[in-house]
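Presented sequentially are two complexes of subunit A, the first with subunit B as partner and the second with subunit C.
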Partner chain A sequence: MSLTLLTGSEAAAYGAMLARIEVLAYYPITPAFPAMERMNKFIEDGEMNTRFIRAEGDHSALAAALGASLAGSRTFTVTNSQGLLYMTEVAYHTAGLRQPVVMAVANRALSAPHSRFPEQGDAISQDASGWIQLFCENNQEVLDTILQAFKVGETCRLPVMVNYEGYIQSHTQEEVDVPQLAKVDAFLPFTRVSALDINNPQGINTVTSPDLYMDYKYHQNDAMSQALEVINNVAAEFSRDFGRDWSGVIEGYRMDDADHALVTMGSTVSDGRIVIDALRAEGKKAGLVKIRSFRPFPAAAMRAMLKKVQYVTVIDKNIVFGSGGALGNETKAALYGHLSIPVKNYICGLGGRDFRPDELKQVMALSEERAKQTTEYEWFGL
Partner chain B sequence: MRKGGELVKMTLKDLPQQDLFGPGNAGCRGCGAAIAGRQAMKVLGARTIITMPASCMATLSGLNQKTAWSIPFYHTLFEIAPAVSSGIRASLEAQGIKDVNVVSWAGDAGTADIGFQSLSGAAERNDNIIHVCYDNEMYMNTGGQSGSQTPIYAMTSNQQKGKRTGKKDMLKIMVAHDVGYVASATISHPLDLAEKFKKAAAHDGFSYIHIMAPCYRGWNIPTDQSVATARKAVESGFWELYEVVDGKKTRTHEPSFIPVSEYLMSQGRFKNLSTEQVKEIQDAVNSHFGRKEAK
Partner chain C sequence: MAKKLPIVPSAKAGSMAEAPSGIIWREQHPVIGDKCNQCLECIMFCPEGALKLENGKVAVSLELCNGCGTCAFECPQKAITMVLEFSGDRGIFPLKEGKS
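Moving on to the complex of A and B:
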C-alpha cells in the first residue's frame, strides 16, 4: 500500500483514470474544476487513454457523455451546483435511457444568493432524477466509490452520482491509497453495451404512448430498488479485493447498544465519528448511522439499525423549502408506521457555514432535551 | 461522381433504390422534412447514426417499438443533438470504428434557437459530425409558432399579424464558425442536395447543411405543393442554393428569377402582405443577387 496526499478532486480524477474511462466531457465550475484539470493532465501525459469533449456548457457536457455512453463507451463527468442544475434535464433523460454515466459532484450551495461554498442542496435537487446518489466521508472513499460506481451503474444500467463536499473535501488533502491499475482492472472489467450500434440499428427514445410509458418507469424504479443489493455486493467485493470496507448503502458505527443515533451523510460523517467516540468516552451510548446511498434510500436497513434507540438526530446540509431537511424527511418516512421514535432534524452548515464537531455534540444534546417537542425541523447555527 | 478521372454530375439513376428512412413514418401528406430525410439518406447510406431533437421529424420517426429508420436513430432532448453527436463520435473513435457518418438532424428551433448553443459548440470544436437543419420556418411540432427562422411578415400561430423581424441567417453564422463545409439545399433539387451530402460526408470535420423544407400546415399550401413551393423559393432567388467550402462560396444553381410574389402569394401565411411589403422583399432579393429589377 502506498499512501499519497490527495485532495478530493485529485482522488476523483484518479478514480476516473483507474476506471479507464473512454470519454470525458465537462464544463468548468468551482469547486469541481481541479478534478477536471487533473484528468486533462493525465490525458496529456498519456496516463489516460481518453477522448475529451470540451463542451460549451454543462447541459451539453452531460449530453456528450450520454451520447458516448449510448455508443458504448464508459464515460464520466464532473460538476456541482449551477452546473448540476443546468444539467438536470439531461440527468433525468440519462436515467430514463438507463445509461451508466458516472458523475462526480463537488457539492456546493445553490444561487441565489450566490455562494461558492459547500452544501448538499445541489445533489438533493436531483433526488427524483433516477440517479444513484452516493455520498463520501473522505477522499479515500471518493476514489474507491468512483470505482464502485462504475460497477454498480453498469450492473444496474443506471447512472451514478458520487458526492463529496466542495472545499471541505475537494480542496483538502488527505492520505489516500491509490490502488494498482491491474487490481482495478480485475475488479472492474468492462463489457461494452452499445445502444447506438451500426450493426444492430435501433430507434432510441421514440415517442412512447400511455400503454408503455408507465411500464418503463416501473422497470426503472425496480432497477433502483435492486441497486440497494448491488451497492452492498459491490462494496463487499471491493473490500475483499482492496481491504477497505465502505459497507454498501448504510453503515452503523458503534450502533450495537446505542440509545442515541446520529444520522448524516458526506463529510459530517467523519466529524460524527469523532463526536461519537467522545460521547462514548463520557459513558454515553451514542452511535452513528452513515447514509452512503441517499438514492436508492436504504429504508429497511435504517429501520433495522434504529430499532432499539430512544433518540434520533438527523443532520441535513440542505433545505427542502417548506418541508425540512431531505435526510430528515427520508428518516421519518422510513420509520413511520414501524417505530415510534422522535426524529429531530437539524438544518446545519448551509452555504459553507462552519459546523464543527463541538457543535455537532451540542446539537445531539439539544436533540435529547427537546425530544418531546414536536417541531418538524430546526435550524442550528443561525 | 468521378468517371474515368472526370467529374460527372450525379443523376437520379445513381441514387440507390433502397430507402433507409421513410417507410412507416407518421409525417403529414407532403411533409417537406420527411422528403428531405429520404433524399439525404440515399447518399448518407447505412453506416450512419442519426440524432434528432424534439421536433416534428423526431415525432414522425417512430412510435413505441417502431421506427421509420433502418439505421441507428436517437430522439434526443431539444437542445442537445449536436452535443450527443460529438459524444457518439468520440466513442466511435475510442472504439476504432471508422467510416460512420454521425448526423444531428434538427428543425429550425433545434438548430437556430434552443439548439444554437450546442450547435455552435460542436462547430467551434470542429467535431467530425454533420449538422442538418431542416427548416420549415416555424415551430410546427407545437402548432406553428414563430422562431428566428420565420421570415419577415409571415403569419404564425402566435404572430397572427405577421412576424416583425427578419430571418436570422444561419448559413452566414455557420460560415463565421470557420468550418470546412456549409451548404444550403432544398427538396425541389434532390441532386443538388445529394451532392452536398456527399461532400459533407467526405469532409473530415464539422459540416452544416441547411435545407428549406416546406410544411403544408404552417405555410398554408396544398399538400401536393411542397416540392413546387420549394422550387419557387429557389427560382425566385428567395432561397439561394450554394455551398461554402473552406470559406469560398459557390452558387450551385442559377435561379431563373421568377417574381418573388409567385413564391409568396402561393402561400396562405403571406396572404396579408401589402404590395409594398412584397416589393420590399423583391428589392432585398434583387440587391442580394446584384440585379436592377425583377422581370
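Moving on to the complex of A and C:
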C-alpha cells in the first residue's frame, strides 16, 4: 500500500485501474473530466489494459458501455449533471438489462440556470432508474467504493453509481491509501458473463408484453432489495481485506445514546462528524446517520438507528420541486407508521453555495427549536 | 408468484419475425402433445389460420401463429401446451430466492 495525495477524480481513476476495467466509454464533462484524463494516462503508460471509446455524447457513451457489458466486459464510465441527464434513457436500459456497469458521478447542479458547481440533484434525478447509488464522504471512500461497486454490481447483476461531489471532492486533494493490485485481484476476481453469444443468437431487450413485463420488473426490484445485504457483505469483506470499514449501506456515528440525529450523505458527512464531535464536547447528545446507499434505501436499518432519538435533522443538497429534499422524504417514509419523531428537513448548499460546519451546527439548533412546527421542509442559507 | 425469467430480458431469435400478416410479436407458441386425437377443434378456433392437418397430425405454422393461446384453451383433450419464447435458463445468474 502507498499513501498519496489524490483528488476524488484521481481516486476514481485509480479505482478503475485497480479493478482492471476492460472498457472505458466516455464523453468529457466538467467536473468529472479529470478522472478520464488520469485513466487515459494509465492507458498510455501501459498500466491499464483498457479499450477507451471516445463517444460523441453521453447518451452514446453509456450505450457503448452497455454494449460492452452485454458482450461480457468489465465496464466503467464517468459523468455528471447534464451528461447524466443525457444518459438517462440508456441508464434505464442498463438497469433493466441487468448489466453491472459502474459509473462514477462527480455530482454537479443541474441547468437551468446553468451551473458548474456541486450539488446532488443530478444523482437524485436518477432515483427511479434502477441503479444502485452509493455516496462517498471522502476520496479514500471514492477509491474503495469503486472497487466494492464492481463486486456488488456483478453479484446482483445491477449497475452501480458511485457519487462524490464536484470540486468539493473531485478537485480537492486528500491523503489516499492506494491498495496493492494483487490484494485487489484477490478481493475482486472477475467472472465473465456474456449475454451476447454468436453461437446462440438471441434478441436482447425484445418487445415484452403485459404478460411478462411486470414480472421482469418484480425481479429487478427484488435484486435491488437483495443488494442491501450484498452491499453490507461486500463492505465487511473489504474491511477484512484492507482494514477500512465503510459500514455498508448505513453508518451510525456516536448514535448509541444520541437524542438528536443528523442524517445526511456525501461530503456533508465528513463535516457532520466534526460538528457531532464539537456538540459532544459541549455535552450534547448528538449523533450522525450516514446514508451510504441511497438506492436501495436502507429503511429498516434507519428505523433501528433512529429508535431512541427525539430530534431528526435531514440535510439535503438537492430539491425535488414541490416535494422537498429527497433524503428527507425517504427518512419520513421510513419512519411513518413506526416512529413518531418530528423530522426536520433542510435544503442546503445548492449549486455550490458554501455550507460550512458552523452552519450545520446552526441548522441543528434551529431544528430543535422548531421541532414542534409542522413544516414539510425549509431552506437554509438563502 | 412472479414468473421465472432470464435475468437479461431476452428471447430466442425469431420470436419476433416478419410474417405475411405483418410483424409477429409473440411470446409463446403451441406445442401439440401426444393426447391429440385430431378432433380439429383448434383449427376451427385459431384466429390466424396457423394450424392445419399435415400427414394426419395437427401442425403449427410459426410464421402465422400470434401466440394467443386460444388453441390450448379450446382443446377438449388438453393436448396443447403453450411454450414461452424467451430462452429458458440462459442468462440466469442465481441470487438467493425469496429474500427481500
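In this section, the second predicted complex is superposed on the first by the 381 of 382 C-alpha atoms of A that agree within 3 Å, B and C clash if a C-alpha of one lies under 4 Å from a C-alpha of the other, contacts with A are read in each partner's own complex, and residues count from 1 in each chain.
Here, a residue touches a chain if its C-beta (ideal position, glycine included) is under 8 Å from a C-beta of that chain, and two chains touch if they have at least 3 such contacts.
Only a predicted model underlies this, so the values are computations on that prediction, with no experimental measurement involved.
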**Request:** Examine A:Ser209 and indicate which partner it touches, taking first as subunit B and second as subunit C; both and neither are also allowed.
**Result:** both
**Asked** In the superposed arrangement, does A:Pro201 touch subunit B (first), subunit C (second), both or neither?
**Response** both
**Message:** Looking only at subunit A, is it subunit B or subunit C that touches more of its residues?
**Reply:** B
**Request:** Considering only touches as defined above, state whether A:Ile53 meets subunit B (first), subunit C (second), both or neither.
**Result:** first
**Message:** Taking the superposition on A as described, I'd like to know which of subunit B and subunit C A:Ser247 touches: first, second, both or neither.
**Reply:** neither
**Asked** For A:Gly96, is the partner it touches subunit B (first), subunit C (second), both, or none of the two (neither)?
**Response** second
**Request:** Once the structures are superposed on A, label A:Ser270 by its partner contacts, choosing first (subunit B), second (subunit C), both or neither.
**Result:** neither
**Request:** Classify the contacts of A:Leu70 with the two partner chains as first (subunit B alone), second (subunit C alone), both, or neither.
**Result:** both
**Message:** A:Asn233 in the overlay: touching subunit B, subunit C, both, or neither? Say first, second, both or neither.
**Reply:** neither
**Residues of subunit A contacting subunit B in one complex and subunit C in the other** = 70, 195, 201-209, 211-212
**Prompt:** Once bound in the complex, which stretches of subunit A touch subunit B?
**Reply:** 22-23, 25, 49-51, 53-57, 59-61, 63-73, 75, 89-90, 93, 192, 195-198, 201-209, 211-212
**Asked** Residues of subunit C touching subunit A in their complex?
**Response** 2-3, 5, 7-13, 15-16, 25, 27, 86-87, 90-91, 93, 95-96, 99-100
**Complete:** Given the complex, residues on subunit A that touch subunit C span 70, 96-99, 155-157, 193, 195, 200-209, 211-212, 215-216, 218-219, 222-223, 225-226, 229
**Item:** subunit B to subunit A touching residues, read off their complex
**Value:** 46-47, 49, 51, 58-59, 61-67, 69-77, 79-80, 82-88, 90-95, 97, 100, 117-118, 120-121, 124-125, 127
